Amino acid sequence: MKKSLLALAVLGAFAGAASAQSSVTVYGIVDTGIGSVDINNGGERTTGLTSGAQSPSRIGFKGTEDLGGGLKANFQLEAGFNSDNGGSAASNQIFNRVATVGLSGAFGKVDLGRQTTILKDAHDQIDPFGGSGSIGNIARIFYNGGVATNGAAVGDRVSNTIKYQTNSYSGFKAGAAYTFGEQEGDNGAQRQYGVGLGYANGPLNVQFAYNNVNADTATGGVVTPVGEAKIAFIGATYNFGAFKLHGAYADGKFESNAGGTDVKYRNGLIGVSLPLGPGSLAASYAINDNRTFDDADSQQVAIQYSYDLSKRTNLYAGYARTNNDIGAALGGSQLGSLNVTNASVGGGQDVSIIAVGIRHKF
Amino acid sequence: MKKSLLALAVLGAFAGAASAQSSVTVYGIVDTGIGSVDINNGGERTTGLTSGAQSPSRIGFKGTEDLGGGLKANFQLEAGFNSDNGGSAASNQIFNRVATVGLSGAFGKVDLGRQTTILKDAHDQIDPFGGSGSIGNIARIFYNGGVATNGAAVGDRVSNTIKYQTNSYSGFKAGAAYTFGEQEGDNGAQRQYGVGLGYANGPLNVQFAYNNVNADTATGGVVTPVGEAKIAFIGATYNFGAFKLHGAYADGKFESNAGGTDVKYRNGLIGVSLPLGPGSLAASYAINDNRTFDDADSQQVAIQYSYDLSKRTNLYAGYARTNNDIGAALGGSQLGSLNVTNASVGGGQDVSIIAVGIRHKF
Amino acid sequence: MKKSLLALAVLGAFAGAASAQSSVTVYGIVDTGIGSVDINNGGERTTGLTSGAQSPSRIGFKGTEDLGGGLKANFQLEAGFNSDNGGSAASNQIFNRVATVGLSGAFGKVDLGRQTTILKDAHDQIDPFGGSGSIGNIARIFYNGGVATNGAAVGDRVSNTIKYQTNSYSGFKAGAAYTFGEQEGDNGAQRQYGVGLGYANGPLNVQFAYNNVNADTATGGVVTPVGEAKIAFIGATYNFGAFKLHGAYADGKFESNAGGTDVKYRNGLIGVSLPLGPGSLAASYAINDNRTFDDADSQQVAIQYSYDLSKRTNLYAGYARTNNDIGAALGGSQLGSLNVTNASVGGGQDVSIIAVGIRHKF
């Protein structure tokens, strides 16, 4: 009798804790390393502490509520920060990574707010580096470094977005997203949309995505024509057991609406990832091929070894190098992770970073 | 034996969790919808994602410590944010909604820091929309939209404030608050105070509040005279069972200290709220009557239906419209919830917003 | 049978909560009081709400993961804020107090990121006021108020820093830290380092620390010479039982690299702390002696009583006064805690603050 009373007391004592716990989870990643960057082969290396070499540092709050009948309400709020200096990742935008609320169930999942693009969802599954971190992420060189000429941003993350994703049917999964432009007087200006289709089953994972950005702006009903950025991406991984092969191709085009030249890009990636000793190795080679202008291509090689101390904590060592033709200047985000004062990559300059660090998930 | 050991082990394992849990609770609201705003009847509607149409999105941390003898220490830290884009609600002010610490007990409750005014506490109990959210909150049109002419802000929330509230005695409850101006050389400049008295018992709720703002400023001991804003508010709700009737009246006056004209306002609200089907309906009509200048009145109608998916999650649909005389320009915060770039309400322009969304509490 | 099943159900129900709880703890301090400051003896006092008079208000997230074999992974993220107005303590730097990740074990403890200097670690153990709070902290007057002439900041907290601390061996403990300058083209510019050694055993605590800042800057490889700030600190406390005696001495020197005058400082502190009635009393007298220029000394007296309501909550009353020679202007952070608009301390002006408040730890 006493025993069950005790157990009941336990139940009672934790009833509050349990319900509170179920409504919100605090989670995050702190990834800090020692990094050394070199711009243009020759100059002295700048060495310092780096944030997010393997995975961007972040802290978040999320929760799921069971509404019954398989329906769930979900929310997620995620803030990026620089773990080397405690700095905010974005000015006056606390939840710069994710701010969503939505429903999921038999119909799939719909989320409203700030979130990843369908395009990023696809390449994150294909990139040997998981599409994040400053060492080797695919998006730094793909799509001309994430920003098409003339200002049409092709960001990883977008605000004011409704995203719908299906559940998985025999490995097939599709998604679509629409980003409101919210320019007064022209609902098309600054709008963005994306669609995706994937197949992940057994050793094979194939991902297709298309992203379209209208770069026009509108103020007080007056539209300033800029252009349209269109990107198509296809990638696949195949797990041979001993290693996984990664390959991706993307085709990008910026169509000027303002009488300028249309610019075309072509991107390719080949990579490999494998378990190795007590950890894992990832490597990739990627190219941004400017098809409109000569001498404006960029290439990137990246390699990283991750040594697991636990499921939540690992050490890593990585190296990445971006080579730019005279008309290209990609790779700056490698510097940004180190927050080097006043440093930037100029046309034709090459950038390399070597980093060793620790990544802790909580 | 083994059973009780097991139970003891459970007790032990969670002792730390339980005490930690009791000291801080993470809570919040994510309210995101699709909204469409129209300025001045004629122009194209701007449609996008909106934050806080029903309730401002927020995340907070709070806790209560039992000090014994009925005395409690309380703290609350609450940050507003825009759930459509992850943006901070205020620049360089993380806990822009609430930042308080204080004591409560038999003597009542005293809180120090940033918090709601006594005035807001009163109208939040009377407003069918609960005094928050961009659809129909009372404060957007009352008190000339929260800001008296000549710059005397009559904000919902104030910093540097001591607030005292009594406990409830047979339904009666009173409160008083003082906001320090913190201007060097004149402790009266920028000070604010409020007093309130309420009676909530059975179907009846009556709330009275008075708020007084000194709008003068002081720098290095030199005072710049501006004026004083005085507001008296009385409101009541009566629950007839099938529906609840809401009514409020406010009288505002801005007295110039700088030789300008004194300006008087008069506000009225009539509203209704009722359970309807699986949710609830709220509607209100409010007026800002400028008694000093002609053709400077504003009117607002608002209606909202809330459909409960659970106690914590609901869908909603709402509509609000503000009509301005040529000398008035209220209703801008309806636009703000959508974060439309470069949009503002001009004199005589009318504003309407329609929104459907989801609100999730955690 | 039923009883053990119940206990098992308890175990099961809380398994998730327990593991989540163990990975992150939310903690903080809210310290808000009523303060009154007076600049230069004569003017009217400015009275208002003050944040952090006893301890700076903060909120943090931390956790420890047991990696096995005595090895642990640790992280800590801590944000300062002003509890009187909800304001952020630093612009665009959310975790302005601490942002670290690291490992600890038999080898000691290593942390990467933003954290306290070795110098601050030492004086926080010696200062009767714990080295924090606006009433009486040692660093406001030591080291010429934390900033050597010509801009070589000697901050309490530094970014981009690796800190190593040994475990305690018979009371002996040592530490070393290196702060990367991260200036492009000169890895020495803006670098900082510190070493420390302490002995804490029984009634005696002795702390020694040395801090060295290179104040040069570099942009695009071009170095601007500024100077070097060197500080040596030694302090001790001895607990006589009825009271604890505190004493500290520091020697500071700013060596110009730009042809300017070298400036030398000498600091001394004598203090006492003791349990008194239901709380505790702390008092200190400190001096900043400018050895290079005449009439540029400052003195500070501070006294504070803390009345405990519980282990986590206390009330306090404190007084501090800084007297400046005509060539000195220290003590401004006393004003800052009150956030008085446009107030600052000029040369030769004296500053005093009196504050009563409540501090709640969660």
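Structural remarks
All chains are identified by letter, namely A, B and C, in their written order; residue positions are counted from 1 within each chain.
The rule is short, and it goes like this: contacts are C-beta pairs under 8 Å (C-beta built on N, C-alpha and C of every residue); 3 or more make two chains touch, one makes a residue touch a chain.
Treat the numbers as computed from the prediction; the structure is a model and nothing was measured.
Superposition on CA atoms relates chain B and chain C by a rotation of 120 degrees, given as a multiple of 5.
Because chain A and chain C carry the same sequence, their contact can be compared by residue number, and under half of the numbers here are used by both. Note: centroid distance chain A to chain C, computed from Cα atoms, is 37 Å. Chain contacts: chain C has residues 3, 7, 10, 14, 17, 21, 26, 92, 94 touching two or more partner chains. Chain contact summary for the complex, chain C toward chain A: residues 2-3, 6-7, 9-10, 13-14, 16-17, 20-21, 23-24, 26, 61, 63, 65, 67-68, 71, 73, 75, 77, 92-103, 112-114, 159-162, 180-187, 217, 219-221.
In the complex of the two chains, the chain B residues touching chain A come out as 3-4, 7-8, 10-11, 14, 17-18, 21-22, 25-28, 30-34, 39, 43-49, 59, 79, 81-88, 91-92, 94, 309-310, 312-313, 338-343, 357-360, 362.
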